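All chains are identified by letter, namely A, B, C, D, E and F, in their written order; residue positions are counted from 1 within each chain.
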Amino acid sequence: MTSTAVGPGALGAAALVNGAPHFNGWVQAPSALVVETIARAGFASVTLDAQHGFATFDRIVEGIAAAALAGRPALVRLPLDGFSLAAQALDAGAAGVIAPMIDDAAMARAFVAAVKFPPIGRRSWGPNRGLSFSGLSRDGYLAEANRRTLALAMIETVEALAALDDILAVEGLDGVLIGPNDLSVALSGGAAVDPALPAVVKALDAIVAAARRAKKPAAIFANTPTLAADYAARGFSLVCLGPDLAFLQQGAARALADVGEASARP
Amino acid sequence: MTSTAVGPGALGAAALVNGAPHFNGWVQAPSALVVETIARAGFASVTLDAQHGFATFDRIVEGIAAAALAGRPALVRLPLDGFSLAAQALDAGAAGVIAPMIDDAAMARAFVAAVKFPPIGRRSWGPNRGLSFSGLSRDGYLAEANRRTLALAMIETVEALAALDDILAVEGLDGVLIGPNDLSVALSGGAAVDPALPAVVKALDAIVAAARRAKKPAAIFANTPTLAADYAARGFSLVCLGPDLAFLQQGAARALADVGEASARP
Amino acid sequence: MTSTAVGPGALGAAALVNGAPHFNGWVQAPSALVVETIARAGFASVTLDAQHGFATFDRIVEGIAAAALAGRPALVRLPLDGFSLAAQALDAGAAGVIAPMIDDAAMARAFVAAVKFPPIGRRSWGPNRGLSFSGLSRDGYLAEANRRTLALAMIETVEALAALDDILAVEGLDGVLIGPNDLSVALSGGAAVDPALPAVVKALDAIVAAARRAKKPAAIFANTPTLAADYAARGFSLVCLGPDLAFLQQGAARALADVGEASARP
Amino acid sequence: MTSTAVGPGALGAAALVNGAPHFNGWVQAPSALVVETIARAGFASVTLDAQHGFATFDRIVEGIAAAALAGRPALVRLPLDGFSLAAQALDAGAAGVIAPMIDDAAMARAFVAAVKFPPIGRRSWGPNRGLSFSGLSRDGYLAEANRRTLALAMIETVEALAALDDILAVEGLDGVLIGPNDLSVALSGGAAVDPALPAVVKALDAIVAAARRAKKPAAIFANTPTLAADYAARGFSLVCLGPDLAFLQQGAARALADVGEASARP
Amino acid sequence: MTSTAVGPGALGAAALVNGAPHFNGWVQAPSALVVETIARAGFASVTLDAQHGFATFDRIVEGIAAAALAGRPALVRLPLDGFSLAAQALDAGAAGVIAPMIDDAAMARAFVAAVKFPPIGRRSWGPNRGLSFSGLSRDGYLAEANRRTLALAMIETVEALAALDDILAVEGLDGVLIGPNDLSVALSGGAAVDPALPAVVKALDAIVAAARRAKKPAAIFANTPTLAADYAARGFSLVCLGPDLAFLQQGAARALADVGEASARP
Amino acid sequence: MTSTAVGPGALGAAALVNGAPHFNGWVQAPSALVVETIARAGFASVTLDAQHGFATFDRIVEGIAAAALAGRPALVRLPLDGFSLAAQALDAGAAGVIAPMIDDAAMARAFVAAVKFPPIGRRSWGPNRGLSFSGLSRDGYLAEANRRTLALAMIETVEALAALDDILAVEGLDGVLIGPNDLSVALSGGAAVDPALPAVVKALDAIVAAARRAKKPAAIFANTPTLAADYAARGFSLVCLGPDLAFLQQGAARALADVGEASARP
């Protein structure tokens, strides 16, 4: 397994900023074959969701391997306030981690502290599979890891929008990832879950512009393919689709509908 | 949880013979949420596959519960020559079991022996969740279980086709389930995996007719919705679709294609 | 599975305040059949203990399903300072969560923030089984979830007793749950584990009175049936018994004693 | 951990024949703490049930350790026709294995073949924890293992009763274990599950006498303490009580009843 | 992951016959990182042991992925009489399976039946990861799988030695693997576990010669490096070393001894 | 299992200060047999690593039992900022816990609060296996636990070195454990992972001296046996070696090298 395919650096922040939109498959029920199926379905990377999904640490270890078997790097979304999983995921070979509900620069700095080695942060030494994926020596990994492993902060609250430039300015934070569902809940005062809410849509272009100014990628989760296309067109460089359970439901419902259509044909 | 919804008897052989076609969702990667998703997607029942899938006993116990939560009974496909799992699945609340590669009446009798209580078979007493799902007393469960839990033999070899009437005549065997992929491998001498093979298609009507003569349901696995509709039209009363990993792949691929289409729109 | 039986709302705070005492079965070793056995033994609900028990997230997902199969809602007790599990448990279908060692209003507010959606808290959107249990639409779930999912703060320290009214006044906190063992350790300065300690007993009526003033339920864990009856008589509306391992030990010891008695009979 | 406490030999057949009745705690839901609780509750040994219980191999490995921590040897009941688990359980440190539904001498010999090393059987070399529990050298273990690890055949069918002397005469078979529930099903032609059935009771003394003639212990599973006392009085040397889930149910129901009684006291 | 590295065909029988000795790392406690460590330690392939090791199916699925991540194919040793795991292991991507205690041609044919597709055997269609590892189409996999997935029969009894030529002549059996420990137990009538037993050593050259006549590889398990070198020199083409737990013990003991030596230096 | 062997108190701080150096085996991939192998290899205790290793809570429960079977107490290293696991590990029978990255007295006090009962800390009552290991009554355990269960703070940052005396002075903290790898990263400003760095070596004697002044043990992790001997000579009373995966790699590589040497001999 070459390091460029799945190891640290596979998902470089610089490449994300400059490259074509990158589509990521979001996984909430990560048994090995589910992850391998998503990883082979056409996505450039996968995310294992430990916040709203069922990605416990055992399954993260297994899921990173499953994605790597298909030549795809894996991101891990941390639980709320669950920074202690960040280095564990990187030690297990994740290409980066995503922290939900980062509201201000202080939280972003705390997140970076958990992800990056000194002098930027306080990640502790102990890469296991992360080191073997990298193909690097110990000192080589230490030198490269901060650059090659992504720390992405989720922007999904009113507070975060207000602090966006400050958050993006935090050294060691590699980019932001918009949670449009939570953003819609926040911007509607708890009245609606709807990424099409005008207040949400309006915020998107400002976020992309802020990320460009900071020379850092802006990523986003998309509820539907139509939204995904729209987000890519607006300049988001990493667009997450899913989750797996939605694909599963859609595939199953489509099959049953196709049976009905085929049965109705004369 | 009422016994009629998910317990023994939920999938009665008599109802299958006389009723409208019953569509079953086939699950190979059965974590709880995957099974719940399939069980809520429109299928009348689910199958947990322990032959070609990853349904170890722990996951069968969890998967039967997951299906039951969605009000759906669960079948379990046994591994090749894996009759010892049969009673374990029924003890855990399965509505029936499916044995692969039953080639003759002797194998069918051995399968029945593992599934049915005396005097028909030698299933041993020890229902756990099977009993609580049933809502019956101990003696009531003993009296009803043989009728309420299905034993389905897979017909998927040349030998099985030749012995079909004998197999269907075995007391305690509730029906047959055709494996068209293996049947195509068998009928082509190992040359092709293709349920559309004329020799396979030709066998189907004879199988349905034989099952009707025996007053037992004929079931079948369908690779595609078109085949599923065709099988239902031919008189198969239980048609299995899937597996889950195919639905997942199709749902994911469809989403990515939809992104492409949406992006291409002006 | 109807939403009123096990979903959000199954354990409404208002009903607890006004209704007859509710007895809850406490589970520390939650495999599926253990939870199903407790849930069918006569308790109105179960608690899965992730603080002093072995309820890891996988087992919580499995245990909530097991309780639901028996028609019983499940609460989850979080680990010390483990608020990140709160929303995960609710996403997996828990009817509420219990936080240990809440010492003051600030901690209670942090707990509520993890449990309730905006504008009360900052729970993030992503219900999975919670949504399917509820039988509601996405917007319906968002509108109802704060009311239907319980946040109970454990009162078990000197500091908590002093801050009781402030804690009960926190918006979004649904009630308190007394830990009499820890309270006895605290009130004895680490000298005894004994819920019968006069200082503990004396605190109970004050707690019930404070909860009544706040129109919120007071719950409590009971080491013995005698204490449980006493607590119910004092006005606690939710009384937890157990844990499962104690029931198991008592049932086994009783059986062995009965063998001895039967053997001694002439 | 000394070998005499939990290793091979802990449950010697000779001692069972000559000693006072030995009471064994039956476990169907074997997480570590459940097994430790049963092992500390007063039983001389435990059985991990892989036929009607949930003792998969992972849990057998864990359960044997849990029993050993409490100084108790563990037996493992195999699934129906599941002889391949026999040596695995012994390799993991079990003191013996129990095979269900042994109907004749040929089945008994096949069972022995799976349990005993040459020249008696064909157990393959590879003890892991079995060897470390024994405190013996490799050659010492090979010399002693056949004597120290028990092979117990379940007698629970009409056929088995007829072949009892032949089964007991099989070299390497250490004893028999009666399954009175299945025996009642068998002797009633599938009409009742009731160990108090006269035909069952009548068979018991003949079984004990046959075992005495063969100088091998007769063991039995007891549904209730009263039956257990009766079986011990009849000369059964190993009496199994349980299962754990019944103890759990009884302990929980007792606690709830005690709450009711305490509440009713003035 | 290219098919030539880890998929079916990675361990071709023809290459084994003609190539330099191939050293295989034997794994009994296969968590992901243990397998990855062995797979990167210099072995050309790994074996996951489900007979005397702890390789349950979940861990086999995980272990095959772990070996593949390190670019190494994985074999799986089946439990005694556990042929039903054979196709499951191949479906999960194993490069071959090893059956213990094959005593005659009839057992060898039954083993081959479980491993090979028609017309040679009766393996059932359902490759999952096996197919994705292969990089082939469905029909391509069907055409190639029998040649690319190894069926190795263990020769470790007196009966097997007597039937060696017959076993080697079984169509579809790809080679034999000698179990020198069990062979020593068998040849000593249960008196010793010692691969250096003259009767064992004497049998080795005859086995190699018989395999050469049959143009099939002879493999063997080696207790020590010295034996491994000797076996390679005698013409065994596949030599298995281990198990992992022995390497672990030796590495730990070496480290402690080195501490002692370093401490003793002035 | 006697309490002095593996229970609380097995690893008393006082004994560590005064006794001969104690060597501990470090485990990152803790399946049962891996832990048992390390525990029997000559170490006086083991550590289960939940920071950089794969010791999830299920495996900690299993691993503590595995160590205890071999008569060895187990420590648990917590994840970064993962104090909520501390009491869970102690409840499961750990002899102590290790917290990484303790930078100042405030963090040390927060750590102690999670580990010690009142009045020193706020550990909550609920020992399960900890209590049964101890052989004590409930009140006895409460009285003894603070003394018998170790809280060790890792010193591995520039800040921690500066605050060393303050940290050691924290009541209830039992000792310090040096992380020389992270210390080298910190002292080199992220430039090197090298415990032989002069700045690191220079710090060691000061640390030992400070610990002596505080009458608390100084422990350390050693990358190599040579370093371990050096650390013991400098006065560290607890020296950790490993991890297991390094022993495994070394044992495997040594075996392969020995094969090569044996093959090269004439």
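Note that in this section a residue touches a chain if its C-beta (ideal position, glycine included) is under 8 Å from a C-beta of that chain, and two chains touch if they have at least 3 such contacts.
As the structure is a computational prediction, the values presented were derived from the model and not from experiment.
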item	value
Chains touching both chain B and chain E, listed by label	A, D
Chain separated most widely from chain E, comparing mean CA positions	C
Approximate Å spacing (C-alpha centroids) for the pair chain A, chain F	34
Distance between the centres, which are taken as Cα means, of chain D and chain A, whole angstrom	52
Touching two or more other chains - residues of chain A	28, 32-33, 40, 54, 56, 61, 128, 245
Complete list of chain pairs which touch one another	A-B, A-C, A-E, A-F, B-C, B-D, B-E, C-D, C-F, D-E, D-F, E-F
Complex interface listing, chain E residues touching chain A	1, 32-33, 36, 40, 61-62, 65-66, 68-71, 128-129, 132
Residue ranges of chain C in contact with chain A within the complex	56-58, 61, 83-85, 87-88, 91, 114, 117-120, 122, 124-128, 138-139, 142-143, 146
Contact footprint of chain D on chain E as seen in their complex	28, 51-54, 56, 79-82, 100-101, 156-157, 179, 181-182, 185-186, 189-194, 245
Of all residues in chain F, those that touch chain E in their complex	23, 25, 28-29, 31-34, 37-38, 40-43, 54, 224-226, 228-230, 232-233, 239, 241-242, 244-263, 265
